[in-house]
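Below are two complexes that have chain A in common, paired first with chain B and then with chain C.
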Partner chain A sequence: MNEFIFFFNKVIVSGAAIGSVYAMGAIGVTLIFGILRFAHFAHGDMMTLGAFFAFGLTVMFPQAGQLFGLPTGFIMLPFAMVLTALVAVLLDRTFYEPLRRNKINPVGMVMASIGVTLMLQGLIRLFGGIEARHFFFAERKDIFRLALPFESASRKIVITEPQILLFVFTLLAVLAIHFILNRTKFGKAMRAVSDNVDLARVSGINIQKVTVITWMIAGSLAAAAGVLLSLDVSLKPDLSFNLLLPIFAAAIVGGVGHPYGAIVGGYVVGFAETLSIFNWAVFLRPFRESLPDWYELPSKLALVPTEYKITVPFFILVVILIWRPTGIFKGKVI
Partner chain B sequence: MNLIDVTQLVAGYGNNAPILHDVDLALAAGKIGVIAGPNGAGKSTLLKAIFGLLNIHSGDIKHNGKSIIHLRADQLVAEGLAFVPQEFNVFESLSVEENLEMGAFIRTDSISDSIDHVYEYFPPLKEKRKQAAGELSGGQRQMVAMGRALMSRPTLLLLDEPTAGLSPLFMEKIFERIIAVNQAGVTVLMVEQHARQALEIADQGFILVTGKNAYTDTGDALLNNDEVARSFLGGVS
Partner chain C sequence: MKPLLNVFSKESIIIIICAALVLFVFSLFGAAFGFRMLAEIACFSIIALGLSIQWGYAGLFNAGIMGFIAIAAFTSMLVSFPVNEDFRQSIYATEIIWVFVKLVMGIVIIWGINRLPFLQTRVALRRLLLLVAIAVTYLIFMQNLEPVASGIEKEAGFIGGFGLPVWMGWIAGGIVAGILAWFVGHICLGLRSDYLAIATLGIAEIIKAVLKNADWLTRGTLTVSPLPWPVSTPGEIGFIASRALYLTITVIMIGFILWLLQRAYNAPWGRMIRAIRDNELSSAAMGKDVNARRLEVFIFGAVLMGVGGAALVTFNSIFDPSGFLPLHHTFLIWVMVILGGAGNNMGTILGTMIVYIVWVMSEPATLLIFEAVKYLGVEWFNWQVPNDFDSRALQMRVFLIGMTITLVLRYAPQGLLPEKIREN
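Showing the complex of A and B:
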């Protein structure tokens, strides 16, 4: 029983947490791809940037959380989302829009976004420093330990407050995205632009406004993912580097341009990571008595060592694309 | 006064050599105009030029007496123009009703009346309104495309080969719907490959050859012109 609780904590809870972060990032990447037709490599840095906005605000108003009984970093989340959304729109206006106007090819756009990545990383390090930071410097991070009503279960299910907030927020964000894309005029226009931009233009859809809204949604989701991940773990300036690959893998695995695919892809990559670094030796230990004497139980039995976790998204990407070349959902349009 | 007035238009794609040379076209409000002519005559090009999709080298296009050559597509829609392209003219992944809603994007008032109105023109669409437009037959797609264009309540409807690829039976139906739309007060300017059938319903016909005006007259006059009939309508009837 304890082994299963250990498995639940290490694989299910952690996988759902990191999967939620990937999903929110991948939704943004996939929306930008669907509407603006380029792979936005600076997406990871919008996440880091959002987290730094929230961190800066937390440092300025460390008591804000007490008013609501929630972590201060979480209270600052909406502000960080708004700020990052504005930065995203500004980045588009300054760097991507002029290129689009001159009809540059998608590879040129990708290169420009790599430039933006380098610029943002430099700025974040310049103002934020290079060391890892913790949101919980003034408050305590609540960790819930839930005992199961079984006699054999002495281990407890461990879940942190930031993880719960992450799950709740992701659920609300997914519902909100679904509502926006299917029920609102601009959401439908986003789908229309992604489906057929020429027809959208002759229908009188204001492509510029749709573009701005896309960046606002992508930017605020990126900020949310960055803040919620940093709350749970820690805030590092190189956060984006470790997130970018899994997020793109999630978006591609789900089917590029397909927001529901991005959500599924996020969790597929998240669980694949936690499953592959899980120490399966744990499940062998109860059988130690019945195993033959010559067999020595390994202390560590994981598919991939933790340090090589970053290879897992690559593997998932290759496997899924062999099985379904367009991703789990048929990609291309929203 | 004419609703649409094209004068001495020279236009082409990008910076390439112009395709249209000194083309004139005038159509009074409430009429049906048909642009006909052999392949490569620049029929569709003329329609696209009116809708601001081409580079205009010289000449002018006036709608209600106002020059419209510098307007963006969304401004033209606000002006009262609507354009139905020949191909890729529906949002395939959107439902029929969502396609119609997209046609009304520039409007800020309630659009449910207009949607009902489109379903009156095109009854088959009503039962398919939740279905993705990409799943419909060619004729039904054309209905969605025309319905979408009507949602902005245009005064001038531009149709690029509305019957292309349709069976003769469906062609009849589409022409019948075009007449109904016109009788409701919408001026229609269309390009048609089926020149004879189209000129039969046209008030005004424009025959282009190699990017220039060849014949311009009423639909009946063009049908009764032996030279036109021999050259462009597949013989004298």
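Showing the complex of A and C:
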């Protein structure tokens, strides 16, 4: 029984946590993919930027959390989201919009987004330094240990407050995205632009407005993912490329241009990561007596060593590109 | 400005600027530093020519140049580094061969399943069998490798090299980079260029992770040095002479590569490549195999990147897996190529010179500027200077590289010396 609780803690809880982060990132990437038709490489750094906004606010008002009984970083989340959304729109205005007007090819846009990612990286590290930081410098991180009502379960299920907040927030975000896309005029316009830009334009949809709204959604979700991830672990300024690959993998697994697919893809990648670095030897240990003598039980039996975690999203990406480039939900192949 | 431009072509002006920059560096920092910089420029030029082929000739977006450089540098190190006698004498020398023989057997089985005639029509069954075969091969390989690898680390440090001449290492590096490009290109080139960018970015990070953590292969963070040189080392004949010799070798290589490229560019093959780049649909309609040609270009470019990368790391004489940085080994090269003019070989080389000299000079320049900022901040505002101020100041260069990319794309998408389109 203890083994299952260990499995639950290591795989289900952490997989769901990292999967939620990937899902929120992938929604933004997939919307930008669908509407502006290029792979936005600066998404990872937009996450870090959002986290830094929240961190800055937390440093300025460290007492704000006590008013609500929540971590201060979480209270600052809405402000960070708004700021990052503004930055995203501003970046589009200054860097992407002129290129679109020049009718640059899509690869040029990808390159421009790499330029933007480097600029963001430089600025973040210039002002924020390069070492990892912790949101919980003034308060305590609440950790809940739930005991199960079984005799044999001495181990407890461990879940942290940031993780619960992350799950709740992801659920709300997904519902909000669903509502925006299906019930509002903007959402309808976004879906129309994603299907066919020219048709949308001639039927009177304001492409400009749709673009701005897309950036705002993508930017605020990226900020939320960044803040919640760094609340859960720590705020690392050098994550960008390590976050980017799983997010792209999630967007492509789900089908490009498909927000629901991106959510599924995010969790697929998240669980795949935790499953493959999980030490399966834990499950074999109780049967040590009944195993044949020649089989020496290894102390570590993981599919992928932890330091090679980044290969997992890449492997998923390669498999999906070979067998089903449209993704699970039949997205676009751009 | 106009009459001057008429007398001197744009090319000669840029060449004069380059020469002035080089003279400036030589006079300010001395000949040893100057030759070192020139040799590094020569190595970067070879890499940049590889990228110029991929991007300028075929429009392929490679965001993982670092990966090709790293794997080629590793191969070159493996081939040319002196033999590690501790390892050669230990039992692991034969065991590691057995591990890889098993891996090759597994790959042959996987390949066989893929080609089995009676499975060709049963797609689902074939995929299932393939997946099982890949999984089993992988697990057996990992299980076998684990004890051998830790044994090597404990008894011999790392496996050492083969002790072959350096030029063989460079060629081997190029070949391995080409094989890697074949794998990546095979998967991604049928799709739009965005996928290639994502995949190359990923593979570069993976190669770096493997080289950094596989201590039995590369000594990981302990680094391998000194790498053998193809010419006499500075210890034997002094810095200036040996660096000048190294520079000569790389310049000869560049000359040879330029000659090859010029021939390929003017050949029917080059025309076909440009036709595909400029209008994919019409060339496909003319019966050209678009993906096969792209794969050729991608592999060819990667081979050049590999050779250049191997030469670069050999010059620095230290193989340090954590020293491979996306900024330095991917995006700096991007700036060189798009600023110089993709598809124009001369432009690429001149772009490399200008960008690299500015890059090298930018380190002391940034520190100087930020020193001034620090001084003023302390004097006027009584500012608390953070401890890691200098390493933060250097991040300004990351910002500038990104800025250059976006500005060039916006205001001079063709670069300083655009590709010359011959009209006839």
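Methods note: the second predicted complex is superposed on the first by the 327 of 334 C-alpha atoms of A that agree within 3 Å, B and C clash if a C-alpha of one lies under 4 Å from a C-alpha of the other, contacts with A are read in each partner's own complex, and residues count from 1 in each chain.
Here, a residue touches a chain if its C-beta (ideal position, glycine included) is under 8 Å from a C-beta of that chain, and two chains touch if they have at least 3 such contacts.
A quick note: this is a predicted structure, and the numbers were derived from the prediction, not measured.
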item	value
Contacts of A:Phe314 with chain B and chain C, given as first, second, both or neither	second
Touched partner set for A:Arg191, first chain B, second chain C, both or neither	first
Residues of chain A touched, compared between chain B and chain C (which is higher)	C
Partner chain in contact with A:Gly122 - chain B first, chain C second, else both or neither	second
Which superposed partner A:Leu284 touches (first chain B, second chain C, both, neither)	neither
Touched partner set for A:Phe241, first chain B, second chain C, both or neither	second
Overlapping contact positions on chain A, where the chain C interface meets the chain B interface	333-334
Touching residues (chain side chain C, partner chain A) in the complex	59, 61, 63, 127, 139, 143, 146, 187-188, 191-195, 197-199, 201-203, 205-206, 209-210, 212-213, 326-327, 331, 334, 338, 386, 388, 391-393, 395-406, 409-410, 413
Chain C contact footprint on chain A (complex, rising order)	38-39, 41, 95, 98-99, 102, 104-108, 110-112, 114-123, 125-127, 129-131, 241-242, 244-245, 248, 252, 298, 303, 305, 307-308, 310-311, 313-314, 317-318, 321-323, 325, 333-334
For the chain A and chain B complex, residues of the former touching the latter	185, 188-189, 191-192, 195-196, 198-206, 333-334
Chain A-touching residues of chain B, taken from the complex the two chains share	51, 53, 73-74, 76-78, 83, 85, 88-94, 98, 101-103, 105-106, 148-149, 152
